[in-house]
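Presented sequentially are two complexes of chain A, the first with chain B as partner and the second with chain C.
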Partner chain A sequence: MSTSSHNSNNTSPSPIINESNQRRCAACKYLRKRCSRDCVLSPYFPASLPHRFACVHKIFGASNVARTLQQLPVHQRAQAAEAMSAEAYWRVQDPVYGSVGVINLLQQHIYMNQRELARTRAHIAIHSPTRGPCSPWAGLWTSPI
Partner chain B sequence: MANEAAANSALAGGVAAAAGRPAIVHPCTACRQLRRGCRPGCVFAPCFPPSQPNRFAIVRRVYGVGNVQRLLEELPPERRPAATDSLAYEASMQLRDRVFGAAGVVSLYEHRLHSLQLELLCARAELSTYECSNRNDANRVPQITNQKFSKVCGGRGGGWGDGWYEAMRVEGCVSEAKIAERLAAATDAAVVSIRPVEDRIAATMTATAVAKSSNQIEDAANNQII
Partner chain C sequence: MSTSSHNSNNTSPSPIINESNQRRCAACKYLRKRCSRDCVLSPYFPASLPHRFACVHKIFGASNVARTLQQLPVHQRAQAAEAMSAEAYWRVQDPVYGSVGVINLLQQHIYMNQRELARTRAHIAIHSPTRGPCSPWAGLWTSPI
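== the complex of A and B ==
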């Protein structure tokens, strides 16, 4: 029996340790710690997306993320993790403005589309049959604008 | 104002040191909240003025002191105030909406932009039909129903009213088949309800340079918090 125990010490690491290493989430793998069964980050930061947690950890920190998720109901944690991942990604891409730069860009696009829509509607009003002096449809309906 | 406070504290320390007395450096807002001594080269001093004590509190709560300090130290000094403004805005949005935070605002604007683009697409399709009808001036029998047209262009009352469409269909002076073809090509399978967004966008749009003005960021954050 001692021989078998001695032999077991000289073999490769036990399958239990290998199995736990394979089950580690991206967060625990990044932090180099054991991933417990009740790890709050594992459902939202799988090992297949290591870059995602790297961004979140760089901006918010693992402890802040874990605390934020623990304070939320379970059914909202996935959306919160997704939102934090997006904010961290935008901050990594633009360290100065982050998501505010994205908001500013969207506002500019909205403003441009508003102007274009107003101009198109003005053209529609010009081409509308109700505005023509000899329109055969005059008086039959209200203006669509 | 923040730079003046930092400069005054440094000057006071220098004067006191020259007079042989121990230098008294008034801590900045961040160091006061952290209850530590404020060094002359403190990275927080220019970014968190005493006039906004809650600013550092919310940034610290969301990001943590170490993360904020590292983020600011990685930036050149002239970019740090703008970065602080954006961090404060994101932190305020995160405290206001614990689930979505600032990403929820981005999602909202993306949705509005998408609906606005659809509305623009329909308007362009309608304009093209007018231009075609003016050029061809053809009278063809209507082929499509009013229901399909209203589904594509939305259920807005008064704008795309049934009366207008019915009158044009009766007169037969506009090719409904052409309208349907162009609108279907423009909107594809997006049978969505297109709502006017101008009023809501005008109410929520801030000025163009949001992140370039600390006052605008602060006002937006305060308004959102309130």
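== the complex of A and C ==
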């Protein structure tokens, strides 16, 4: 995503355009811009993944994504681009809840797991033959986890 | 978020401005626009919650939020605005992972719960005095949950 042009030794117009197109990242291709070597989106939105950028652009807008990445240290940008792509994908799939829908599902999963754990522990407490400190169940209630 | 103006019976300039300001939603106030009665953002971003809109605007952009809401049926807009506000808040708090960071935490929580459940079940399997179909533990492994 940049307005700067690429240099080429080839003087015929067509090959220059083709070479430029081949180099362009998905963002610059989508926005019909030339892609400079220092394009901030290029490393994270390659031409091979056009839908990934289309999603992110639709939800956040290209300039917001570029700004977010620019404000981060280089070593954190790939994770941020990955996370924004996931969020954008979820919101395209579910325009009402987006990633909050995924969070709600996981919270339900946790609730069901905890209920199952409580049920299992209740069975142990009821049916345990001995409940003293020497019981084989001693320590199960004080899990370090 | 609208350019249409409010009507008022008051003819002095100052009260009109004050009345308009009082009526403006957080979005129109932030964007320094007049707020019409059919403003799509007004019901979900009241003037009393200025930070909520500021977050959403920073992450998604006001026009993207307005477009998303307009494309949804009216009865789903409040949930969508709520979800977008939560996502925006998480991304402001954690510019690298945003809501994906929350999802990662919940997944760790699920993993730990499942490990604890497996540990508890393993203890039962080892220490159970009887393991036949009449055992008090029978049925624990085939939970409907």
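As a convention for this text, the second predicted complex is superposed on the first by the 107 of 145 C-alpha atoms of A that agree within 3 Å, B and C clash if a C-alpha of one lies under 4 Å from a C-alpha of the other, contacts with A are read in each partner's own complex, and residues count from 1 in each chain.
In this text, a contact is a pair of C-beta atoms (placed from the backbone, for glycine too) under 8 Å apart; a residue touches a chain by one contact, two chains touch by 3 or more.
All of these numbers come straight from a predicted model, not from anything done at the bench.
**Q** Could you tell me if A:108 is touching chain B, chain C, both of them or neither one (first, second, both, neither)?
**A** First partner only, chain B.
**Q** Answer with first, second, both or neither: which of chain B and chain C does A:80 touch in the superposed model?
**A** Both partners, chain B and chain C.
**Q** Between chain B and chain C, whom does A:33 touch in the aligned arrangement: first, second, both, or neither?
**A** neither
**Q** Need the overlap of the two footprints on chain A, from chain B and from chain C, as residue ranges.
**A** 58-61, 64, 68, 71-72, 76, 79-80, 82-84, 86-87, 91, 95-103, 106-107, 109-110, 113-114, 116-117, 120-121, 123-124, 127, 129, 136-137, 140, 143, 145
**Q** In the complex formed with chain B, which residues of chain A make contact?
**A** Touch list, chain A to chain B: 58-61, 63-64, 68, 71-72, 76, 79-80, 82-84, 86-87, 91, 95-104, 106-111, 113-114, 116-117, 120-121, 123-124, 127-129, 136-137, 140-145.
**Q** Under the stated contact criterion, what part of chain C meets chain A in this complex?
**A** Going through chain C, the ones touching chain A are 58-61, 64, 68, 71-72, 76, 79-80, 82-84, 86-87, 91, 95-103, 106-107, 109-110, 112-117, 119-121, 123-124, 126-127, 129, 136-137, 140, 143, 145.
**Q** Contact residues on chain B for chain A in the complex?
**A** By the definition above, chain B touches chain A via 62-64, 66-67, 71, 74-75, 79, 82-83, 85-87, 89-90, 98-106, 109-110, 112-113, 116-117, 119-120, 123-124, 126-127, 130-131, 134, 158-161, 163-164, 166-168, 171, 173, 198, 201, 205-206, 208-211, 217.
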